[in-house]
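One chain, chain A, appears in both complexes that follow, with chain B as partner in the first and chain C in the second.
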Partner chain A sequence: MSLVHNFPFFSILLCMVSGIFTSVLKPRTAKWLTLAVAGASLVLNAFTLGLTLGLKDAYPFMMGHFPAPWGNEIRIGQLEALMATGLSAVVFIALAAGLYHTPTFVAEKKQNLYCIMIDLALAATLVMIYTNDLFTAYVFIEIMTIASCALVVVRQNGHTLVAATRYMVMNLLASGLVLLGISMLYGITGHLLMEPLHQAVLRIHESGRYAGPLTVVIALITAGLGIKSAMFPFHAWAPDTYAYAPPMSSAILSGVVSKAYLFLLIKFFWRVVGIDIVIQQQISQFLFFAGIAGMVLASVMAISQREIRRMVALSSVAQISYVYIGIGMGTEAGLAAALFQMLAHSAAKSLLFLSTWELVSVSGDHKRFRYLHGAGYRNVPAGIVFTVSAMSMVGIPFTGGFIAKIQLAAAGMPLGGWTTALVLIALALSTLLNAVYFLHTVVSIYRRRPENIEYALPEKQPRRIAAALFLSMMLTLYLGVGSGPIMRVIEAGLKMFT
Partner chain B sequence: MWQLLYENLEQAVAVILFGIGFCILLLQRNLIRKIIGLNIMDTAVYLFLASMGFINGRKAPIVAGGVQDASAYINPIPAGLVLTGIVVSVSFTAIMLALTVRLYRRYRTLDIDQIALMAKAEDAS
Partner chain C sequence: MSKRRSDWESRLQARFARWMREGFSGLDDEIMVSLRQETSETLPSEQMADDHREMADTRRYERGIALDRLAQYDLNAWVSRKGRRLLSRLYTVLAMSLGVLMIFFLLKTVAMMPRFGSPDTPMINEVTDRYIERGLQETGAVNIVAGMILDYRAFDTLGESTVLFIAACAVLILLRIDWDEKAGPALELIAEEWDDRHYEPKNDRILQASAMILTPIVLLFGIYVILNGHLSPGGGFSGGSIISAGLILYLNAFGFKKAGQFFTYRTFMWVSFSALMFYGLAKTYSFYCGANGLQSGIPLGIPGAILSSGLIMPLNIAVGMVVACTMYIFYALFRKGGL
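Right, the complex of A and B next:
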């Protein structure tokens, strides 16, 4: 075992320990430390990815003193390392571009706390990606819930408080469902580690006993994680929460937090229950139809929004639906497309939230579209970045979103019959709707500004914000142009995943 | 059916309690009642776990009197899970109460729907 084998554990530990130190540092130092931690997590996980590329199979990493069936462990494969690297990168970029603005939203005394919550959210994300133990996953779901709620509520205004309360209530309901599901599963299997759990589930399924409880368990955990990741019929909390949270929080919530829940759900389906049983219990079909409905209806709702941030938030719901369609297909190709969509959406959506804020802040803090006219000229880098990430959302070639849509369509082909037709029609319709609202926005930020509105001159911003935005734009473009290697890693990772 | 229910009485009660707590948390408009619902819901899960781990005629899993045989004790893992769960729900209750205090100071009501309306009105003015 080399040093690199320990890196996933180090990255988790680093985030949690730095959270403790952050609380006693000066706000400025705390911010730099948080940024450094996110960067270190990115580097550590990238090394892990490099290591796993050369491995034949995923390796377990024992936590504590007891070996497998009793103790706790994490498990590191290509897929886990890829997701951890991608999501750490998104957190790093969001911090680099957003930390400068935190004083606008966060009171001076609360800045350290804000940094702690970011550290915690990143730690929880990494644990949910790597963990091999269902109860550890539950504990970190709760830590994530606390951290994400704190990320929203840190902004002191009425709307945000209401949004945060709603978000918290929905999250608590979802946590309750997940906890009950895990308790029942433990009751019928007697295991919490994923491999023995999977064997036990297979035995139960073969024997035909506990068929009812097993269905209930899968439904409970799916509903719980679905609510938390803003799956379509359960998305009601999402628009307000994303729209009224500080922009960096929205970027992290939509770009990273929801992806961590999704990855956990994928793990639960493929590694704990086994996708065949999920298909047999008709849960995956439900996800498939929810996804189809979500990608069309959430886009329709997004069109009817008059505020840019609510529109971006609803487009998040539509994009998450793509992931659910991929999962709902129940095939390896569908899952690969879903995973790629998770990465592509994570990179592009965090950018959209950040650049939207930049555009709004040079338009006198008005979020209505007509005030945004000409914002693309008043802040040129933000305009360019917004345009590129909007193109990724729509699925224009050379961006990550395009590849995700192609992969999803290709995965839908072999399903045959009306399912294929449904996937293709929904994709086409959703692309069209996305184009309507995103390109409309892009056009409106490059229109001539209305004569009768005067804007205060924006203060000069440090170049590193523009640099960070451009860097992450490169990530989106890279996902569009150089998707080959990433798809290969995902496919190889899926082989060692189950 | 009744036989089955009788054999799994604790679990059945726990699931019913869970449902009650869930509905209160989801449907009540009063924030304090929501918090009570949250606690009922979580406690129901602890009842579920604890009743599953309990084996009639055995002792709590604390080694006393030198008895090391596992068959003398009940399963300790559900108890551990319940402890973890209690910590989690206490911290959630604290956060929800803090949010409630903050909302009450600002709007002088506990009704979440009214608060939402007032926040909207605040935005328009």
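Right, the complex of A and C next:
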């Protein structure tokens, strides 16, 4: 075993230990450390990705002295490494572009507490991606739950407190459902490690003994992770939470946290239960229809918003629905499209939240569209970046969103009959609706500014914000132009995933 | 302006175009636009007739507005009198029936689950067998539970202690008031008003006397439970909560001023920092050795001795410190104010 094999383990422990270390640092040092940790995690996971590209199969990594069913274990394959690299990159970019603004939202003495939350959210993301043990996943769901609520509540005004309260209630309910599901699953199988769990589930499915509890378990865990990742009928917390949290928190919550839950759900379906059983239990059909409804209805809701940040938040719900359609198809192509959509949305949405904030802050902190006229001229980099990421959301060619939609449509083709028709119609409709509200926003930020409103001169901002935004824009464009290698990694990763 | 133009203004396309231009405008604005349209469409030769029509229009408009207001007022009154109550009642009924349905289904599921403790449950398998049969040799801990949570599955426990730490930090973010600062965010200026430690009972002789006797005993017992975690039931989590109960008793009897002499924000941060840091670094080393097949060189000792079972005892102490600090922090902060 070479040193690189240890890198996922190093990145997880590095995030946790530096999160703890941050608690005694000065705010300024804490911020730089957090940025460095996210960068280090990106580098370590990129090396891991490079290593796994040359491997035939995923390799398990013992977290302790004892082999798997007795001790903890993580499992590293191409898909896991790709997701970990992508999400670390998103956290790094969000920090690079957003840390400068934290004093606006976070009281001076609480800034290192805020950095702790970011570090531990990243650690939880990595563990949820890599873990091979369902209970370890639950422990880090808990960390993620607390960290994500704290990321919202760190900005203490009325709207945010109400939004955070709702978010916390929904999040805790979801944690409870997941925990119930996991403990029932342990009760009927006696295992927590994913491979023996899968064998035990297959035995239950064949013999029919405890088949009832198995259905309940799948439903509970799906509902729990669905609530946490803002799946359509359970999305009620999302618009307020994303809109009133500090922009960097929104970027991390929507770009990274929801993706970690989604990846865990995918792991649960494909590695623990087995997708055939999920399809047989009608759960995947439910996800499919929820996705179809979500991508149309959430877009309609986004159109009727008057504030730019709520609109971006609702579009997040619509975009998550694409992932659920891909999962709900139950095919490998659908899953590959869903995974690509997760990466593309993660890159573009974090960018949208950050650049929206830049635009709002040069418009006198007004979030209504009519005050945003001309914001694209007042902050040129943010305007360009907003335009590009909005194009990715709509699905204009040469952006990540376009490839994701094409893949999803292609995955819908072989299903045949009305399912194909439904996928294609819903995709077309949703693209149209996305175009309506995103292009409306893009047009409105490039309109001449109203004469009767005076804006304060924008203060000089460090170059690194613009640099980070452009870097992230490159990521979105790369996902659109160079999607071939990434799709190949996803497909090869799926082979070693199950 | 031509007729087509006035028609055009109210059509869907035009409204869409206007929306693209300036976003939503209020209903009143649109009405004003249409009124202006109607008035500007006049020709000089029909001035008189137009004046009449304009007046009639205005009157009709005002009557319409008045009727509208009346209807709206009625609706508002109805909503605030009955509608809202009806809606919330419907909501309650729906929520309760959903809850009852969930309870029913979950109870039914529990009835279908394997019976707890019966010999043929799937939970009794090679995993638990090894814990019970070889736990003592492999971890050196007489208390199998301590061996399980701090050696076999130590990574989960690292996560759990981090949960406690992060929960304490989240409560600090939400409730901590820096009241010794001269200036700062608005929150701190109104700290005086929020701070309710003035209302505590002071110098309650009975409470103080019993706390004087009880606190040392409780603390000692907590320390005993932690130190014997690998030998007898107990460990870091239970011992830590016992210690924090002792601290809270002291706080109640003597108030924040005296407790603040030995437990401040800095104490919390440094104690939990050093405990978790030790846990994290020790386990990083031990995991690294374990995963790469190296000898960690940590002796297991003789089972049953106080200094035995490798890292379990130090880890129990670390967990106990984190738990004690966190519980104390929760209690102190929920009284609003600092530490």
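Simple rule for what comes next: the second predicted complex is superposed on the first by the 498 of 498 C-alpha atoms of A that agree within 3 Å, B and C clash if a C-alpha of one lies under 4 Å from a C-alpha of the other, contacts with A are read in each partner's own complex, and residues count from 1 in each chain.
Definition applied: a residue touches a chain if its C-beta (ideal position, glycine included) is under 8 Å from a C-beta of that chain, and two chains touch if they have at least 3 such contacts.
Remember, predicted model here, so these are calculated numbers, not experimental data.
When the shared chain is aligned, chain B comes close enough to touch A:Ser183, but chain C does not. Of the two partner chains placed around the shared chain by superposition, chain C is the only one that A:Glu108 touches, whereas chain B remains out of contact. In the superposed model, A:Val443 lies in contact with chain C only, and not with chain B. Using the contact criterion defined above for the overlaid structures, shared-chain residue A:Pro462 touches neither chain B nor chain C, since it reaches no partner.
Residue contacts after overlaying the shared chain place A:Cys149 against chain B and chain C alike.
In the overlay built on the shared chain, the residue A:Phe66 is in contact with chain C alone; chain B does not reach it. In the superposed model, A:Leu173 makes contact with chain B only, not with chain C.
Of the two partners, chain B and chain C, it is C that touches more residues of chain A.
Legend: residue contacts after superposition of the two complexes on their common chain; A:Val162 is shown touching chain B, with no touch to chain C. In the superposition on chain A, A:Phe135 makes contact with both chain B and chain C.
Residues common to the contacts of chain A with chain B and with chain C across the two structures: 135, 139, 142, 146, 149-150, 153, 180, 184, 186-187. Residues 1, 6, 9, 13, 16-17, 19-21, 23-24, 61-66, 69-72, 107-110, 113-114, 116-117, 120, 127, 135-136, 139-140, 142-143, 146-147, 149-150, 153-154, 156, 180, 184, 186-191, 200, 210, 212-213, 216, 306, 368-370, 440, 443-444, 447 of chain A touch chain C in their complex. The touching residues of chain B, counted against chain A in their complex, run 11, 15, 18, 21-22, 25-26, 31, 34, 38, 41-42, 45, 48-49, 52, 77-78, 81, 84-85, 88, 91-92, 95-96, 99-100, 102-103, 106-107, 112, 115-116, 118-120, 122-123. Every residue of chain C that touches chain A in the complex is listed here, in rising order: 19-24, 105-106, 108-109, 112-114, 121-128, 130-131, 138, 151-156, 158-160, 162-163, 165-167, 169-170, 172-174, 176, 178, 184-185, 187-188, 269-270, 272-273, 276-277, 280-281, 283-284, 286-293, 296. Within the complex formed with chain B, the residues of chain A that make contact are 135, 139, 142, 145-146, 149-150, 153, 158-159, 161-162, 164-166, 168-169, 172-173, 175-177, 179-180, 183-184, 186-187, 192.
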